[in-house]
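After this come two complexes, each holding chain A, first together with chain B and then together with chain C.
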Partner chain A sequence: MRLNKIILSFVSALVILFSTSVASFAKVVGDKIILGAAISLTGKYSSNGVHTQNGYNMAVDRINSMGGVKVGGKTYKFDIIYYDDESNPKRAAQLAERLISQDGVEFMLGPYSSGLTKAIAPVTEKYGVPMVEANGASRSLFTKGYKYLFAVLAPANLYLDVAIETAVELNGGKPVTIAQAFEQDAFSQDVRLGILDAAERTGSKIIIDDKLPKELNDMAATLVKVKQMKPDVLVVSGHTKGALTAIRQIAEMKVDVPMLAMTHCDAAKLSKQHGKNSQYALCASQWHKSLTYKDDFFKDGMTYAADFEKEFGYDPPYQSAESSAALLVFKDAFERANSFDQKKVRDALAATNMQTFYGNIKFAPGGQNVDKPMVLFQVMCDASGSCENKVVAPLKWASAKLIHPIPKWSER
Partner chain B sequence: MNKNFILYAAILIFGLAAPFIFPAFKVQLSILCVLIVLATTWNIQGGEMGYNSFGNILFYGLGMYLCASVQVGMFFPLAEWTESGGEKTFVHTPSQFFQGMAVGLVVAAVVPTIVAGLIGYSILGLRGHYFAICTLGLGVAAGEISGGIEIIGAGQGFTTPPFPNVGSLEARGEFFYFLSFFTLVLTFIAVRSIYSTRFKLILNAIRDNEDKAEAMGIETMKYKIIGWMISAFFCGLAGGIMGGLVGYIDSTDVAFDGREMGVFMVLMAILGGKGTLWGPIIGATIFHIFKEGFWTFFLGWQYVALGVLIVVIVIYFPEGIMGWLREKYPERFGEVVDEKDRKAQVELK
Partner chain C sequence: MITLQACLDGILLGVLFALIAYGMALQWGVMNIINIAQGDLVILGGYIAYFMYLYGIHPAWGVIVAPVIMYFVGIAIYKLVINKVVDRDLFISILATFGISILFMQLMNFAFGADVVLANSGYGTTMLFDNNVVLPNSKIFSAFISIVFAICLVIYMKKSKLGRAIRATAQNARAAKILGVDTEKVYAATFGINAALCGVAGALISITFTIHPYMGLPYTIRSFMIVIVAGLGNLPGVAMSGMGLGVFEEFADYILGTEFRIGSVFLLLVLILVYRRFKLSRKREYLK
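Moving on, here comes the complex of A and B:
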């Protein structure tokens, strides 16, 4: 059996290959603090993955060019090791393991989406690796008692419940009827939970409650029902594709509904992609450039938006802004901990209380940011057809008044 | 025989020592074991029997959900565990975790086997492309259906019980590695012993000419179903392990991941050489290393590279690596080649 020889030599080649490919990174090399991140560069979340990565890169460049991070009297610069998680939780969990045990990363940045964060969090928790994440909003992430998970964003169930409350208010305090359609993924389903809570609180009735498939590109069935049943509010959430599909088909089918509440309008660049068709859509957002928060690195939202546009060629969605904020949080925590000890950095992160251009950041024991409210903006277009997102709630930052109800298609 | 013994002993020792030689690669090695199990069992249909199944992912996903559900359900109310995306937190004690896992794995192996028997009975009458398309549909349907079942987390996914705090940080990795390696060894022994019986010859007869096989008095349906059930058994087991290893089950991305795992298992078997014992193993190993390598060094290009790999396999190695080696060095595979006769044939062509 000469075949054995082939197999034996194959096995030994394998041994050599494995043993030579062990990379030897460490948390801090020379003057570099190396952070690890699994990002969706391909797959269904790739557009938002890129928003996230751009946000991270923008902040790394800015912090490094403005003096870096000072720890123990020495100046360090940030560096990030990226891997592509292919929008797949299985891959994400594997990559977290890889970043920590092979690349020796001791501090992590979050991936895009709740599902992937859910897959990564148990791994970082096991190894005691502090992770500041900016894109995992699922409420269930913050009830697990994770000690090393910190999210700069407000949980997903708070995204759109304000819209329901606003609708009830505009209805003279009387309950409204709600039609809702959510993608089958962790984030969107959590937004749904928020709506269920809000409906119960206000006594509103949910008359359509549909699930949309992942990779959705058709929700005509739901819209037909909406046309028939005429709800007061239509709520749709399904990441970027959900927003684009909803607007496209609502316009095509001329669906009239007094209020249309969605998520991911800015990530989908709705006002650019669909122009006037997207008009009046009400969108939940973690951040808007017109908010008046300030910090030393990006100054304020407007400056951040302008710098971002110069660098990447598009208006920053909140996914980028919150990702940039994650780096500011890390920098602040490193400097306060004045050490690279994971436990000390973790404790410093837990004690974070700061303002960034993106908003105030202060973590609850569960790890979610409790000091930053959500905002709602509405897509508004002028006569020339150019559209803009304008904040309508909360009133503190409102730059325009909510247009309600949405004019019928026949009158537009 | 003697040489074989040395080879197997060497591989076994390597397998047992691997997590200690390469402690940082435990997860990748565990996944490699799972991939080999999937490729090897796919080969029973796709390679030996000639039925290209894209549906084995069904058993893998089923095993994954079942193992996790049993592990949770034995000690806590499953509905509360998964409610609202798993907001409530229950903690398994170490003994609960391992007991649950053990029972879960048994269920994860047995139930898919039964399901394979039932489904097989109804669809294994289909042949060729019709069978392939039908099984493809099974995987997709299972993903969509499971994404709507609330008790297993629906669209929010199912977080499997976290590994208890026993021993060092390495305990989890070692546990899952040895579990998957053990499954691999079990699969290999099972498949190897099956291949040394008449059963394999019957499968080959079905592949080469099913009608003739039937005419010879072989109850082809029975053997086809049994073949599929054997695959399902090990696929379910592999799924159960993978669920625990990943820690989070998503209906279409992790469990019924036909687009990745479902295709990969076919690809690995073809790459190594379908219809051979070692082909799927070599194929899976090369595939895994190739993918991991591209993943690390050519970020963003891994799928392009994968596409190129598929094209290269199909054009240059249609019989897989083992097939190619066999053609090139037939004498090493124990085939006697009469050089004169061979030359004469070549000239005739």
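Moving on, here comes the complex of A and C:
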């Protein structure tokens, strides 16, 4: 009996030793640094999930082919273990657990969307696994005091406040009237909070404040109100569906509004799906290829866009660009930490201060990037009907002059 | 003017809902199956029109092509799944169609991607009353086509042999079978006709709204509700209740705010369900 107990404890000890040693070697196997990522490859976010994955893969290939990551005098290459989270937050949290406790991953890349990042962040935080994420912009991610979460993108509340400030500026510094319609999800509601702040700051008045349902398909009632109350600015945020529905119905109902600002225009391929009807729409974007930020790996936005198109066959949306930037941040942090110790890497990430082709990156204590402003582009079409997105604000990067007010439908 | 605008928007929307609901009522009445995949069949019809649009064919032709394809999709679903559950408990058929719904969502996502898409009809807009009432022509077109299909279906059900057989089976399946009606064929045809109606509605939705693989459920819920209000086998009731629901939604949206639109639909559903609690306990019978 006693012998049995001794054998049992010996075997358990061996199992524990073996499993911990697997875990501690799993982060770096040979010359590979293994990162983990749960990405939406199926389900409702799968398009943007694939953009995210393509962005990650592009950066991994580029960094590996340009010498890899140098830590402790040795060169390492990046590798990523992907799992499909099926666009489901619960699944994403399970997969994060699996990546960390079974696969032994010690550094994570973020999933797509604020909702899924919110599901994963408590898990990475619990295990002290540094996560650099590129697609969760919700402000609530950065107010929870997470120590291991770093986002290369600007938070959601900054998406459209530039539009309000621009409208006030164009109105001779006088307050404007705002109509807004937002979907009821974490991201869109954060964008709404940003507008509320901007309205308060500028003394502007919100005259319509609608919340759009998730299965938003028809916003005719909101637009009837807009036609009646004639606001100076109409702001809409409801992901791709919101952008497409808004443009279709604004054109069909001939709603005249001096400024129309929205999110997710490039993901919705507005200019492609709606052509001239989308003209003059102002869109918030994390990145545009015409921006002149530079780094050693991708050079600049234009080169990145050309290389990306060569590899994947389409123009990179900002979701891909920011995902690529996340890998550049990890590489920089590993090299500065000169170690694979999670705490040291976390501290190095917190001290990040760099420029990438995607923008400047510097993290606030909450983990959000505070050194990269949002840009606004406007859809501009030529006589032949082909449309293009041109950056109009901030002025420093503007490649075209903002057309304001939007011409009336009867004059187009 | 706002009232008129909301009414007209609601009616045009409601007619489209009514078309989907009529298919559901038909199937429910004949086979006693509540089809949870109704909305997904609609979205699949929408993708047929969208793909025609992508290949340069005007999406309005989708209202001819989509029902033909969807009829056969419906027959296939019947042969593969529904005929195995048609004589079982209502709960089993709900589970089976729920499964079909999930399968369709995933397959559509796999085949067409998760992007929200739409087909542009280029139909322009009709302005009334000194531009105070605005009606997109695509919505008018949708309502018109829905009415045409509904009328054709009523005539077909009244005049054709199959239509009469369907009605006979709905009234009393056992008696119909004794009198020589091939109920199996009737069930398959009913499911096919329902899928075809969904195809028409889907094509119309792709040119009036947007489509997405996961957007089917709201259409299932609305058609379920219309059928509950109107009762089975009551086409004028379905049409009226469809339009009523459309107008109710637009007004709820306008008065309470868009965030309460779906909520008010659900609230109405609960109220009606409570009211009709007893009327729904209908004698169930099946024959294979």
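As a working rule, the second predicted complex is superposed on the first by the 386 of 412 C-alpha atoms of A that agree within 3 Å, B and C clash if a C-alpha of one lies under 4 Å from a C-alpha of the other, contacts with A are read in each partner's own complex, and residues count from 1 in each chain.
Note that a contact is a pair of C-beta atoms (placed from the backbone, for glycine too) under 8 Å apart; a residue touches a chain by one contact, two chains touch by 3 or more.
Since this is a predicted model, take the numbers as computed values, not measurements.
When the two complexes are overlaid on their common chain A, residue A:Gln184 makes contact with chain B and with chain C alike. Touching more residues of chain A than its counterpart among chain B and chain C is B.
Once the two complexes are overlaid on the shared chain, A:Val152 sits clear of chain B and of chain C alike. By the touch criterion stated above, A:Lys126 is placed in contact with chain B alone, chain C being left untouched. In the superposed model, A:Leu35 makes contact with neither chain B nor chain C.
In the superposition on chain A, A:Pro213 makes contact with both chain B and chain C.
Once the two complexes are laid over each other on the shared chain, residue contacts for A:Tyr82 go to chain B alone; chain C is not touched.
Looking at the shared chain after the overlay, A:Glu252 reaches chain C, while chain B stays out of its contact range.
In the superposed model, A:Ser101 lies in contact with chain B only, and not with chain C.
In the superposition on chain A, A:Thr143 makes contact with chain B only, not with chain C. In the three-chain superposition model, chain A touches both chain B and chain C at residues 42, 87, 184, 211, 213.
Against chain A, in their complex, chain B makes its touches with residues 3-4, 6-7, 10-11, 14, 21-28, 31, 84-89, 144, 147-148, 154-157, 159, 162-163, 169, 172-173, 242, 246-248, 250-254, 257, 260, 278, 282, 285, 289, 293, 295-296, 299-300, 302-303, 325, 329, 331-334.
Per the touch definition, chain A reaches chain C in the complex via residues 42-48, 87, 181, 184, 210-213, 215, 217-222, 224-225, 227-228, 239-241, 244-245, 248-249, 252-254, 268-269, 273-275. Those residues of chain A lying in contact with chain B across their complex are 1-8, 10-11, 14-15, 17-19, 21-22, 41-42, 82-84, 87-90, 93-94, 97-98, 101-102, 115, 118-119, 122-123, 125-127, 138-140, 143-145, 182-186, 188-190, 193, 211, 213-214. Listing the residues of chain C that touch chain A in their complex gives 2, 5-6, 9, 13, 106, 109-110, 113-118, 120, 125, 127, 131, 134, 136, 138, 209-210, 212-215, 217-218, 250, 253-254, 257-259, 261-262.
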